[in-house]
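So, here come the structures, one by one.
You will see chain A twice below: alongside chain B first, and alongside chain C after that.
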Partner chain A sequence: MKRFDLIVIGTGLSGLTAARTAVDMGAKVLIAGWGMGALTLFGNTIDLLGEVPPETDMAEGITSWIAAHPEHPYARTGMAGIENALTDFQGLFPPPYSFAALGSGNSLLPTGAGTMRPTYLIPVTMAAGAAMTPPGTLIVGFRGFKDFQGDTVSLHLKCRGVSLSLPRYGLEGLTALALARLMDEPSFRERLGESIRLQMAGERFIGLPAVLGFRNPAVVLKTLEEITGARVFEIPMLPPSIPGTRIFHHFREMLISKGATFLMGHPASRAKVKDGRCEGITVQNPPLATQYRADSYILATGRFLGGGLWAEMERIVEPLFHLPVFQPGERGKWFGERFFDPKAHPIHRAGIVTDADLRPVDETGRVVLENVHVAGSILAHHQAIEEKSREGIDIATGFLAAKRALAL
Partner chain B sequence: MDLKTEVLIIGGGATGAGIARDLALRGIPSLLVEKGDFTSGASGRNQGLLHSGARYAVTDPEAARECISENRILRRIAPHCIEPTEGLFVSLPEDGPEYRSDFIRACGKAGIDALPLSPREALALEPRLNSRIIGAVQVPDGAVDPFMLVVENARDAESRGTRFLIHTEVTGLIRDGLRIAGARVRDRITGEAYAIAATWVINATGAWANLILGMVGLKIGLALSKGSMLITNTRLSERVLNRCRPPSSGDIIVPNDTVSILGTTSLRAEDLEHYTVTPEEVTFLVDELSRMIPDVKGERFTRAYAGVRPLLQLGEACDDRAISRGFALIDHGSCDGIEGLVTITGGKLMTYRLMAERTVDFLCERMGLHVPCLTHVQRLPGAGLGNALKDRLLHLRRQTPAARGEILCDCELVPREAVDAILREGKVRELQDILHRTRLAKGTCQGGFCVYRLLGLLNELRKAEGSGGSNVVLRGFLEERWKGIRPVLWGTSLKEEELIESIYKGLFNLAPEEPGRPGGGEA
Partner chain C sequence: MTKAEEKPALFPKLPDVCVRCATCMAACPVSRVTPRFPGPKQAGPGAQRFRSASEASVDDWIELCTGCHLCDMVCPAGVPISEMNMMAKAKYLDERGRTFRDWLLVRSDLFGELAARFSKIVNPLMKNGLLRWLLDALLKIDRRRALPGYEYPTFRRWFQTRPAVPGITGRRKVAYFYGCFTNTNETDVGKAAVELLEAHGLDVIVPPQRCCGIPRLGVGDLKGAREMGRRNIALLRPTVRQGIDIVFSSTSCGLMLRHEYSRILNLSGAEELAGRLFDICEFLLRLHEEEKSTATFLPISLKAAYFAPCHLRSLNIGLPALELLRLIPGLDVGMLEADCCGLGGLYGFKNEKFAIAEEIGKDLTEAAARMKPDIILTDCEGCRMQIRHLTGLKVLHPLQLLRDALNRT
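The block that comes next holds the complex of A and B.
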């Protein structure tokens, strides 16, 4: 049986961050996950806390948020913990494809529904979206690419939009993944730049769906900007997320190059628990079931979508360690009467409650498993969808969990 | 714009559309108004069951005979709206053999073919049935598409000159002394108000009957009963499955295209416009129907819905006018002294044609016309065209990917072309109308993905203008969708819901309409 210093369960942004932090501390790490996590569905920019108005300084905004929300995961990491973790994240993405805040607070970026959305760290390929002015902007969609409706975006942003035809690429195969792969080819992006240039009427900004390639998005951006003479920006759209997939691949390559063991598509199906400690996990790769052991474990399996939580008909459970879950009341009370209820649905507060070191606790506050730390959206008492805090929680708690796990 | 017609029909459910067709086939001009889209009421909110009548054979032989007779007529005139699945009445040990014997005997008396099956035979036909069954009886049940049936009736009438005004609401009845001379109506989309003059007004509003009658101070005895149903993500059985016991709640599973519908509950309803499926009803249906098919427990549900049945409670004064135990035709001239107004209500989807026939027979008698009914022999216009799931899949398979074009809805394989065709017809007036006429948003994701795409198409065609942009429409759709999925959110459905919320509230930052929110939602 292989033995590790740390086993991270979950390959979303929180698990990746935890594994990366541990690897940087010199630990021998195994990271195992079922899929690629919410990162590849919704990860575009790094949200910290969208609730903070754009004109407010982010550190001030979060500090007062923590004071008002003592149970929130950010109250565990503190503002300093968030800042350290973010600096670490940014260090992983050096220019040209880098992430930066555009000011001291949130910026507003256009979305695939033509709305504006607050976010904090922005990849270089989206930065111009915060500066665009509607009359000087052209939105470019692709005919047959149904997951980005350029007309919807331009109608709401009150700017001009065009739909380009890509006849030689057919309609059937026009998915975000296919478009992103095409963008990686120099000849395609050059021809695309020319087609866009022909449609322009003096616009200074060009918005495209977020499909500017996997390998060198900054180069795709530069090519398009040089040909069109305008500033180009990507617009986040329906899943899958190409920008999130870039983040995932970048982490994965870095982890493997630094010697971490990376198991993809293998869910951790069972945990062996004895005397308040985890003594190993079983990873399923049918017909094989392999056991792995480590000194410490980080549970970063996400919420319902990621499989970290499961809703039975009458209660919410955590299927791997059977940890105590903060319950949102009986089933009839899990969700509000309206989809757009003014208050977030109570179920979003469900999750794992931890001590200050992110170890899971029961209702009385007693630590349930000494050598297990919990990170990411599976934690209780946040409302990441409404607050716009998903990536911030993942990065800050993933970072802290690894630090604490290795400090044992 | 004021209009004039011979017969004004209020209500675009099965009864109203059936009356319009019957009148048209007998050459009597009519006009139909419906405040929503076709089948907005109980006609669109039932199990889609083509009754054999077997369910009533023991308790109500008259209703059973009506059902089997209409069942045979519908198979003839509307084969394209029907999936002839057959049905099983399944006895569990707790149902006992006695009721089964009574049931078989009663079916025979009512003229319903009933074939007894051994447990082994039944399990060979439906392997997911509870293996503890003590027997089953096969009867000629089936599945019917109520929306298509109603639209086909309307289409046939329209081709013969009948006019249909959907999203048009009656705001008042026009009285001329002791006569009703028409109705005042309002277009619910444009707000335009006008009058429709008519010699006869037919109140075919089902559960809403007293809303119309109340406009002239009348009222009939009508109780409202809410029935809730669940839709599964997959088709659980090939045949309709019934419990072989006296009619009660939670006793039927109807296959419908790629899914199954589990029913039903029966609770008194007070409010016609606002009712929900409660968590208790959902738990009850899952528990009760898992006795028949144990897999129901682990099944993913995509939606719950409820309909309100109008139950007749006629007083002494009008009892003699109830021409069947199931439905009532009330001539308010002889009953209340107000001429020119007829109410037809009660009944069930299965007897819509018969109800229409009786209504038009009555009108003809009063008009002094001797024209026979033709609706039981004249086939609906689309009869002979295939439209079932099998045909849809075959059609898709025969096409090359290029010819198939863009698929808007990946769950149900709805091509963009199908939506384009409906828009070209020019009759749909809002998003829900498109959803009623296609299988868009009926699949696993319940429109989570395809509605974004559909809105893009609407914007492209500039159909969504004038309503403040499509995000108003999008919000409206998501709220409407919510009513159906909220009751079934656990397990896999709940996972999907996290995805949809993450898209629309997270990624797209669509917020409740409240000022001062960061980003402000709309640009």
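The block that comes next holds the complex of A and C.
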């Protein structure tokens, strides 16, 4: 049986980052995920910590956050660890489709709900959104494309909005993927640019749903900007996220080209554990079960949506290794009164507690599995949705977990 | 490495495990090119909630699913989307009835041997404009799609009549499931498979076998597919019981034998068979990794693009052909990045679906234009036909190039 240096379980941003870090260190890596991972659900921009006000320097903001939250995953990686990991991530996306911070702190970007949302690293196709001013902005939607309601967005942002018809493509069933695919066609985006230009009344910014192509989004952007003479930006919207799909496929293609084995579709359903070490995982593709072995393992299976955590009647469990899980109290206390409570629901703090090297520990702080490291949102003591730290945690802990796993 | 075990309860087959996340909508090759197919989320779990065994099917778009399985592979909730589509398609077509064309096309295994025997007459006929016009007008088999030529002798006949290989006795035996297309239309793939296996120190046997039945599954003919499955399980059982591994070189036949026989068709004996079945590249790669073979490859200076067929991805074994190809010194091999070739087996031969298959294939054509390879390699015969049609490039099974690179000294 083939033996890998490292097996990464999970194909979300944390797993992909871990696999990429390990491959770059020369390791023989297998990455296995249940489905495609969460990048198509989020993955529009790279949040680091939305709670830091835009005018505050990010490094300062995170440093004081860590001081106030010693159990937070960022306390494990430290600000230096976050910076290294982010630089590495940015290195994977060289221009023209690159990710950058627009200043030293957070920027506010318009969303598909018509709100302004703080985020840190921004793909080049969204950057102009941070500079837009409502009177000078035109929001463009597409008739028949239900995932982006241009009218709602423009109403909330207090700017003008139009809905374009795409006669050749029918009104029903326009999907984000179909639109993104059309954008990759030069003739389509040129015609689109022309129709937008005809709708303009002196606007200097144009916002579109985040569907500006797969292969060359920066080229789509450039075409539209040249034709309209305005700055164009993508607005993140409902899943499936096209920007997230771009990130996923970029990682996947890079990993395969560097010799990683990429399994996608079936969960790691069982782990073989002996004397405090993992000795193999089983991937289930009925009726077959295949075992894979490595020296080290990284658990990056996400929280509830990713399948990394399961809620039983009275407690939260981690189904693969049966690791100890930090519990959010009794069931009655899992959720706040209101769904959109600005304070996080207590259940969101559930997760795996680790030592400084991201190895899982029990209540007494003892390491449970020597050769398993944990990365991403499955870690305890963060509230990634409310504090807006999802991608930052994924990238920083994925990076650190791989470094530590290979140092064993 | 792979062995059959009991199934855990990880795959609840209910539409309600779908959380509507729409990830499958980012993977479906059909819904991205036509609004006529509502996409896997709606066609699978969405519509499933409203389906009832006692009511007539209304899903007139269900036939547009190609059965590529890409939706299953990206689903983060374990919804068996394509299986729901398959069952709905079967019910729809059972009620509406299948066309004579579909009846005919899925039985190509029956007339294949005969067509191969008379290939000198059959092949020119299949290129005849008038006949193709008639097939198009009467049967709706699209005349723009080249029909694959037949070859004689068939692979099976070649194998049975070739001279004995010296020094083969006493070697470990391996059985080869060649599939209909290799047998009558692309015999060189089978010859390459045999030569490679023998160069890796094995004694190849070719047990009796029938069409795997996947074409019948493609038109929702579960009964017909089950019948083919039952026959194959019975024919291959003696090999399995002797502890001999069986390798396949067609990833679609492989998917059918290894997974669909049990997952969709629930055939008894399917799990026992699955435990012995391997993709041939997976099998050869393991020999190299475990250093059980001394076979080496000589340099080939070519720029090659490897395309991973959908059904290979559904096997979820990684990309063993690509890893093997990397063992050829001097071969510059990269991935041809496209989601699906678009053919969908017999799907792309059908008049009403030709345009969809062409539009899906456009992404692959563009990927090939960006890469400019000398040659394209892919494990599936359907993909090979479609990629030849789309790009005009030379397209081979990875086994054929590996065979050419074998160090025979």
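Everything below uses one rule, namely that the second predicted complex is superposed on the first by the 407 of 408 C-alpha atoms of A that agree within 3 Å, B and C clash if a C-alpha of one lies under 4 Å from a C-alpha of the other, contacts with A are read in each partner's own complex, and residues count from 1 in each chain.
The definition used in the following text is that contacts are C-beta pairs under 8 Å (C-beta built on N, C-alpha and C of every residue); 3 or more make two chains touch, one makes a residue touch a chain.
This is a predicted model, so every value here is computed, not measured.
Of the two partner chains, neither chain B nor chain C is touched by A:G202.
In the superposition on chain A, contact of A:H266 is made with chain C only, not with chain B. Judged by the touch definition given at the top, the superposed model places A:E253 against chain C, while chain B stays out of reach. Touch criterion met: A:R303 reaches chain B, while chain C stays clear of it. With both structures placed on the common chain, the touch criterion links A:L288 to chain C but leaves chain B unconnected.
Once chain A of one complex is fitted onto chain A of the other, the partner contacts of A:P53 are limited to chain B, with no touch recorded for chain C.
Contacts of A:A178 after superposition on the shared chain: chain C is touched, whereas chain B is not.
Put simply, chain A uses residues 38, 41, 170, 172, 238-239, 305 to touch chain B in one complex and chain C in the other. Listed in rising order, the residues of chain B touching chain A in the complex are 278-279, 283, 286, 401-402, 404-406, 408, 449, 452-453, 455-457, 459-460, 469-471, 474-475, 478-479, 481-482, 486, 489-491, 494-495, 497-499, 501-514, 518-523.
Remark: chain C residues 1-5, 7-8, 10-11, 19, 21-23, 25-28, 31-33, 35-36, 38-39, 72-78, 258-259, 262-263, 270-271, 274-275, 286, 289-290, 313-319, 322-323, 326, 334-335, 337, 363, 366 touch chain A in the complex. Contact residues on chain A toward chain B in their complex (touch as defined above): 38, 41-42, 44, 50-54, 106, 108, 110-118, 134, 144, 146-147, 149-152, 155-158, 163, 170-172, 236-239, 303-305, 310-313, 330-332, 334-335, 337-342, 345, 347, 384-386, 388, 390. Against chain C, in their complex, chain A makes its touches with residues 1-2, 30, 34-38, 40-41, 169-170, 172-178, 181, 184, 238-240, 242, 245, 249, 253, 256-257, 259, 261-267, 269-270, 282-291, 305-307.
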